[in-house]
Amino acid sequence: MHSKIGPAGVIIFLAAALQVLPQAAPVYKPFIEELVLANHILANEGVLDGYGHVSVRDPANPNHYFLAKAGAPALVTAADITEYDLDSKPVTNASATGYTERFIHGEIYKARPDVMAVVHCHCSEVIPFANTTVPLQPMHHMGSFLGAGVPVFEIRNAGGETDMLIRTSALGRALAQTLADKSAVLMRGHGAAIVAPSLHIVVGRSYYLNLNARLQMQAMQLGGKVSYLDAEESKKAVIDYERSWDSWKHDLLLAH
Amino acid sequence: MHSKIGPAGVIIFLAAALQVLPQAAPVYKPFIEELVLANHILANEGVLDGYGHVSVRDPANPNHYFLAKAGAPALVTAADITEYDLDSKPVTNASATGYTERFIHGEIYKARPDVMAVVHCHCSEVIPFANTTVPLQPMHHMGSFLGAGVPVFEIRNAGGETDMLIRTSALGRALAQTLADKSAVLMRGHGAAIVAPSLHIVVGRSYYLNLNARLQMQAMQLGGKVSYLDAEESKKAVIDYERSWDSWKHDLLLAH
Amino acid sequence: MHSKIGPAGVIIFLAAALQVLPQAAPVYKPFIEELVLANHILANEGVLDGYGHVSVRDPANPNHYFLAKAGAPALVTAADITEYDLDSKPVTNASATGYTERFIHGEIYKARPDVMAVVHCHCSEVIPFANTTVPLQPMHHMGSFLGAGVPVFEIRNAGGETDMLIRTSALGRALAQTLADKSAVLMRGHGAAIVAPSLHIVVGRSYYLNLNARLQMQAMQLGGKVSYLDAEESKKAVIDYERSWDSWKHDLLLAH
Amino acid sequence: MHSKIGPAGVIIFLAAALQVLPQAAPVYKPFIEELVLANHILANEGVLDGYGHVSVRDPANPNHYFLAKAGAPALVTAADITEYDLDSKPVTNASATGYTERFIHGEIYKARPDVMAVVHCHCSEVIPFANTTVPLQPMHHMGSFLGAGVPVFEIRNAGGETDMLIRTSALGRALAQTLADKSAVLMRGHGAAIVAPSLHIVVGRSYYLNLNARLQMQAMQLGGKVSYLDAEESKKAVIDYERSWDSWKHDLLLAH
């Protein structure tokens, strides 16, 4: 799915990368602010509760990613943003406590060079699907990224009896393996991880993953046969969610 | 359904038309502002997400209509409002990017001289009905316009495997044909288009289309036989939604 | 149910009545302001859409009641409050347009001397029950007033094919007859009317009628046998909703 | 479940206790303010309606607890907080009216020395489970405290035909017996009581009890077999809800 963004996405990414290569610190500022904004948007739209997180890969160094230190997404500030290597060891902010589950991010970035941003959520509409064998499928074009399939991660297979958290690189790796080349993976008894070729797209996919789950549940209750986007439609219906981003920024402004 | 508004509606329309005939620009101002307001109301009430749109036919020139340039409805300003001909070519704002799916509007205005306003939404309660064969029916008088029937548009029949969007006049025409003389058409895997003899009524119908879908789904889950407005009741129960409009304007004020 | 309020309610009512007898106008002011507040609360809590209404009987003259002139509840002001006789003819504000359906109020006050306040709503959780034969029953003590039964009014029996509105005294009378001695009557394809011995209680009952409907629908979907308050529990569990009123006033304050 | 908080929780509790031992009044201030905040958070997040309550045991005197006087949670101030003994007799604020159902708190504190905070709610998603025989089970780690089982209290067994309220020590004792060593007890036709080793945790459990109920109901409607956290996972997945607390404080700030 991620490879469907095409040349335009690649050019934007390269432009961003080139822009930050010469001198890091000052150029990164808007980049970090965008990640802070993503945290606030996801909290404000009800996608993240107090315990979710969102990261973005360093555009200039694919072996590093940015993620807030442990804390509620609604309250994240630029000072909380920490740089990690792909083993999820902090490169900056080393004294701060990191998210226990940061390995979700590090291991996915390792396994998936195309992924530039990751969300981990407990999105509430999605959990019923994570806890049943009913496959999540694309209800409309805004959820087209689901068309390639949405695997479910069973932590018992990877870690036996756990506290459900992705506390280690090994569990993160197992999750990344279940995700494979898809755009989202549900986590039984937990939530989901969503990936994308950009921060805006991962925010959009997280929002519409949750909404799509609700729509599908409602459609299934109507009693008739439910139509989903077919494989070809799913591939063709690619959304960049830029207008959603504008809209969610506006919502955030109104909330404050 | 639209022909049920009767002489009063016609007089209001003619009065509006006469008012703008002598000198265009200054008189259009409140007209444009009302369209901006409709964008904001539909976003604020959750009928439009970042990608829906609302248009209104030029009361003085039935071969033109007004629609924002591409952008999130919550953020539309008067400067974004663009005048289009019925082939959906911009008459003003020619350099701005238009909505990809503006053909929904142009082709419906061509096919339906009685239609003065059009909404295209991804209204979330409606999509379960668009993706099943369960017909949407009027649950109460506020949804009486559904009594004439709500057809479902299958884009595969008109365009084969697509990205689900109404990107061409041909697809817009096919959608208008499925709409026929009704007040709303559901779009499989996508959303809906709603039409009305005025801007306020199309906003009201869009809101209550979505609400009616939720009510019907809930009623169907109770397990008994569901009663709907019958054909005669649907014809008689005509609403102008003026008080809803006042109420939604108030909601918008509170949100800001 | 209404007769269960007991001596305390009667004393409060008499005290209010005595208070206003000597000189009408200035003493009525807080009374009218409370009715305006009830309009705003019911709109803010989502019980009334743009087309519902709430009235209160004149405590000093049981043959008169107070109701806003036609308009959205969220926008009602003290100047809109009109005094009506029980034939629903305006005693004040005679030049203003009244609610088409004011006969709901007048005819219920005629038939039910114990009723001091009436709400007419299109409360959305309730309509699924109005359109099926599944009886609404009390899910918890906050909905205890439903224990005496909730009749459903079929306007076709009273008026044949209509526009669904209670436009005449005759239809209002038929509705009052279906209500009989109960606290609420559902209206097929329309909404509900709720009555109570005070303004605060009618607001509370309207809110919890709607919530109870949602709870019952959810319980019925769980697949087991649903327990409701039995007749004796319903009679004993009498709520005055005073703390709810305080809470909803606070919500209103926060919304502004 | 409560015993799973472990040494860290005990240390925090002891620290709090030691802190208040030397001189009561000034040191209690932040403690009381936290209880006021808990009231406001639970109201703002929709866990408590106008009639719920939350208490906390005196850390310096296990035979006393703090609870607001009768009033809506959203409006509670520090002056409303009353100190009670375990027979639920007021030690301070003796002239104020107490919650009719304060015995819920007193009797649970008597029976459960490990419990430091109690919530009584009418949480709306939970009531469908309280009124059926479908057991509530942990859908995800945020609801892990449900894994030990969630008993349902039938007031008819303890008190025959009542007004559903826990008006006496005897009824409170019966409720505490049904709760036994669990973290929550549902109350048929009424709501629930939730307990925890701290104020923040009882707020978190109340919120996620309600959310878990909704998730489970949705999962059950999908038609497949639903997986829940197993006993071992439930024991291991212990949450302190500190980040939720931060997030809910932020929500409260935005609402004001």
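Chains: A, B, C and D, in written order; residue numbering restarts at 1 for each.
Please note the rule applied: a residue touches a chain if its C-beta (ideal position, glycine included) is under 8 Å from a C-beta of that chain, and two chains touch if they have at least 3 such contacts.
Predicted, not measured: the structure shown is a model, and the values here were computed from it.
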Exercise for the section: Note the shortest touch-path length, in steps, from subunit B to subunit D. Expected result: 2
Practice task
List the interface residue numbers of subunit B and of subunit C, divide the shared ones by all numbers used, and answer same when the ratio is over half, different when under half.
Solution key: different
Fill in the blank from the handout: The chain whose C-alpha centroid lies farthest from that of subunit A is chain C
Exercise for the section: Would you mind reporting the rotation angle for the C-alpha fit of subunit A onto subunit B, rounded to the nearest 5 degrees? Expected result: 90
Problem - Intercentroid distance (Cα basis), subunit D paired with subunit A, Å - result: 33
Problem - Chain centre separation in whole Å, for subunit C relative to subunit A (CA means) - result: 47
Practice task
Would you give the residues of subunit D that are in contact with at least 2 other chains, written as numbers and ranges?
Solution key: 221
Problem - Chain pairs in mutual contact under the definition given at the outset - result: A-B, A-D, B-C, C-D
Exercise for the section: Name, in rising order, each residue of subunit C that touches subunit D in their complex. Expected result: 138-142, 144, 211, 214-215, 218-219, 221-230, 232-233, 236-238, 241, 243-248, 250-251, 254
Practice task
Name, in rising order, each residue of subunit A that touches subunit D in their complex.
Solution key: 43, 49-51, 70-75, 122, 124-125, 127-134, 161-165, 188-191, 217, 220-221, 255-256
